[in-house]
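Letters A, B, C and D mark the chains in the order given here, with residues in each chain numbered from 1 onward.
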Amino acid sequence: MAYGITGNPHKDGIWQPIAELTRWLHQRDIDFCLTDEIANGLLSRDLVDQAFCSQYTSADVASGAEVLLSFGGDGTFLRSAHAAGLDGPPILGVNVGRLGFLARVEVNETIAAIEKVDAGETGVEERLALAVEIEGDARGLQGMYPWALNDLVVDKSGTASMIAVEATVDGLALNTYWADGLITATPTGSTAYALSVGGPIVTPQVDGIVLAPIAPHTLTARPIMLPGSCELEIHVTTRDHPYVLAIDGRSGIVQPEEDLVIRVRRASGVVRLVTLPGEDYFKTVRTKLSWGQSAVF
Amino acid sequence: MAYGITGNPHKDGIWQPIAELTRWLHQRDIDFCLTDEIANGLLSRDLVDQAFCSQYTSADVASGAEVLLSFGGDGTFLRSAHAAGLDGPPILGVNVGRLGFLARVEVNETIAAIEKVDAGETGVEERLALAVEIEGDARGLQGMYPWALNDLVVDKSGTASMIAVEATVDGLALNTYWADGLITATPTGSTAYALSVGGPIVTPQVDGIVLAPIAPHTLTARPIMLPGSCELEIHVTTRDHPYVLAIDGRSGIVQPEEDLVIRVRRASGVVRLVTLPGEDYFKTVRTKLSWGQSAVF
Amino acid sequence: MAYGITGNPHKDGIWQPIAELTRWLHQRDIDFCLTDEIANGLLSRDLVDQAFCSQYTSADVASGAEVLLSFGGDGTFLRSAHAAGLDGPPILGVNVGRLGFLARVEVNETIAAIEKVDAGETGVEERLALAVEIEGDARGLQGMYPWALNDLVVDKSGTASMIAVEATVDGLALNTYWADGLITATPTGSTAYALSVGGPIVTPQVDGIVLAPIAPHTLTARPIMLPGSCELEIHVTTRDHPYVLAIDGRSGIVQPEEDLVIRVRRASGVVRLVTLPGEDYFKTVRTKLSWGQSAVF
Amino acid sequence: MAYGITGNPHKDGIWQPIAELTRWLHQRDIDFCLTDEIANGLLSRDLVDQAFCSQYTSADVASGAEVLLSFGGDGTFLRSAHAAGLDGPPILGVNVGRLGFLARVEVNETIAAIEKVDAGETGVEERLALAVEIEGDARGLQGMYPWALNDLVVDKSGTASMIAVEATVDGLALNTYWADGLITATPTGSTAYALSVGGPIVTPQVDGIVLAPIAPHTLTARPIMLPGSCELEIHVTTRDHPYVLAIDGRSGIVQPEEDLVIRVRRASGVVRLVTLPGEDYFKTVRTKLSWGQSAVF
């Protein structure tokens, strides 16, 4: 089993655990590799030496890895997933900080989790991703991700008021939203931004896409669940202000004269997650969202 | 083509249109039959004569029919669907009163719609139904429907305060809801009761089940979308009051000593709807829910 | 200082604390009296003797008391408040069980709280109550409270579907709600039932009334805040089913033929709460509703 | 009676009605004056001549006016109100376009409305305004309004993720919101932006302030209603991105290093609205928000 190791270098809490993990893997002759960024971070903190780094660093940790370890939070997991690409190795999110929906292994349980991977006790869960195709040019959109594991968002830019967003499904007019913005979310993204605007929680097995307006200026606009097989077109028709397009948290500005049509459909590839024995989506939801009797009013 | 004709006898507006339709069908020698109830209603209003009735009445309009016409509203459609049974003939809902999500043909367009059926210009759409299995005995539940096209609801009885409802999915604890009640809805039912408590609109093609609490006494309880393939168990644990169980609007009282487990899963059969050319789910949604610019505030 | 002591006899947790408190008060020659129910409960548990009971029991604990102690939860507090009447003695809610919005003293801090009362370190907070006047006769409404500290609710009875409720404010039509029901809440009641249907939290100092529909079958119906000075009329126009009327949790059934007009206005009297030093409405809200960073998703 | 006339020069629909009104007033020798902007607009469209303009233009239409006419929509009304200042003349909003909450006179009823003003048949309604005091310097906030008739908003800037906003009421911690933003609204503003994020409708007579988070990343954050007498402090604690501050729609950017405390309290002055006979706040609400039976689902 070969492990790729990546993480969020801005989180101080990742270095000691990664250093320990690499020593543990090294001692057992288990194959692994680090991203440059992680290797340099370990080196600059004197947690490993140069020789160790040279041995175990790779420009592309995902391609050779059978499991990709992502140290950080859910945001880090998203970046790791995009670095790995669709249909890449299954990812194990190690949570440094607050428990995440994607980064579900506590950092002090990393080695226990690796032992389970090695023992073949873990599984793999596939998550729907949304392929995004943008018709038209926009200077501000270099470096956007080509697909979303969580969501695609069009949003008014800061000082503007609402925008008008036309949504079309399989060529049929769905609605024009007058709102701060519109979130297109996968089941995975349903517990992220979409949840904050009243979208439903969608279990990962549902083959569907959530469309949820942000602060709609019509009381009748409600979140809608579309089939995973549909093709969605999003078109911001407001022309007096720039707006923001964000895919999995990476965003750019679209200028008023840049008239884009954004096409979204289920990607042909998926993102894979390592699942641990006894892991349970609903338990994560209950924990993260503080479900339970203590909150009854 | 053989037509079964049923409807809601409590709606005065159905009789003239049904009488006209039957004359029209009769003149063209198109096969059709009426339920006893409809036949008697026409007869008592002198809209048809006894001979006509005798010729065209059937105890089971659904079994012989290739298309079932349901005159009334969405509630009538539900009753017609249950009368026809799962995997019955496709149903054409003729709307007498306000436009419905299911009863989508305006009454004055009935004959035009029949002509399209006859010309082979119509289609058939399948709708997911939920099979309901109740473990335990409850005296008040005779006559409940065995499946739901819209929804299954557990609800506090009127004078009680909230109930506690445990929900389990595929054997895993989902949540205990402290609420007025809990709605389990199909995509079809997502635009009915579930919508009134903040549930998402779910397009009919989505293979999923909505679980939406009614007036939850925890702020973190949100609507959740489960996969159509799951098995859901619902268990009201409150024992100091009776509660109400309703399936597609037909309801009964469950007594405190009657400890039921309600199992819900996707039915093996479906309900079929006649679709007219140019018909469009989103147009119905926009019309019914008053989407549009005039409501922007 | 004279204390009236009441509580919820169905909560086992009240007896030891009340017994201890009474001994403590007796030893210090501080005047107090118990309701019959509390006295009998203590006696039957051998926590006090007959002589003690005879000395300290009163048929009307509120009238002589300068402070009324209510042992239980928020529901007990409501009953104690109604037993005391409007403009009665200030009430100190001792919380046996989960922390309440009204029962805010933990049971093990009862004596510490009494010492503060005696030392003059406590304050009094006035809460708006709603006077309810019912025009028309309804057999099922005997024993309803004549005013509400929390809320007045009209609600469909269990097996019915929605009701239509007309609301008029100062003689002007406000809205007809097609809904499961309609909640009229005080600021105090805004964190009870009204909150579960999406009503706003209203701080006790606001002179206003919340009107919040339960499961409205129109997407545009939203909670509305009316001025405390208004006169509200509520009229259930649905005539095919009984409905439920509840005031502060005490409810009765109104039959279809009983055509009532329910008039609600701010009561001339208030309910008084003892406030402890350092007590803080917002802290209670944060605690009860689990506000805080740990719940950020 | 002297009329000040202002309006939104970007709305083509205002010019003919204003020209007609000025002729009508001129013929009747009723005193009035126009803003420079309106006078120039009329002149450039050849709707009036230079002499007419010279006679009737004033640099300060509000100070001499007994009634201020604002031609446009609700946004125009806000600008007119700020131009007039607190405790200025009562404003009559003439609606060019869609009906507004503030601009309530249809443009073709302008002269009829003026006749009612002249006949003494109209009234005056006072609206609560919020005084805003900003502690700390921010380069981007020149030209902000010093008070709000609708709302004060802090909002993430476009490409950022959520911000953390601490709110303090009368020196007591209320909550830290992790959200897109936080809206502080008057009753007047309750039917604007605050409504789009789930805030309650607040009738103008309520002496209260709505605090409503935008897309909160905690499920327990709900709109809260504070008393008009309170002092609110708002403090954006996120320091990694700029944020946006907007008062009645006029906005500026606050940089990360600009650590502001925003203090909000009820202004000592009010905004006055002309009310027409038979005008009715609830009717406006019903019309604007499409309340009514046709929307029952």
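Assume a residue touches a chain if its C-beta (ideal position, glycine included) is under 8 Å from a C-beta of that chain, and two chains touch if they have at least 3 such contacts.
Because the structure is predicted, anything quoted here is derived from the model rather than measured.
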item: Minimum number of chain-to-chain contact steps, chain A to chain C; value: 1
item: Longest centre-to-centre distance from chain D, chain (CA-based); value: B
item: Chain B and chain D: spacing of chain centres that average the CA atoms, whole Å; value: 46
item: Rounded Å distance between chain A and chain B, as computed from the means of their C-alpha atoms; value: 38
item: Where chain C touches two or more other chains, by residue; value: 195-196, 198, 217, 219-220, 222, 289-290, 295-297
item: Chain contact graph, described as a line, ring, star, complete graph or other shape; value: complete
item: List of chain B residues in touch with chain A within their complex; value: 169, 172-176, 178, 187, 190, 195, 198-203, 205-208, 210, 217-227, 229-230, 280, 282-283, 285-286, 289-293, 295-297
item: Touching residues (chain side chain D, partner chain B) in the complex; value: 98, 101, 191-192, 195-196, 219-220, 222, 288-290, 294-297
item: List of chain C residues in touch with chain B within their complex; value: 155-159, 161-162, 179-180, 193, 195-198, 214-217, 219-220, 242-244, 246, 249, 251-253, 289-290, 295
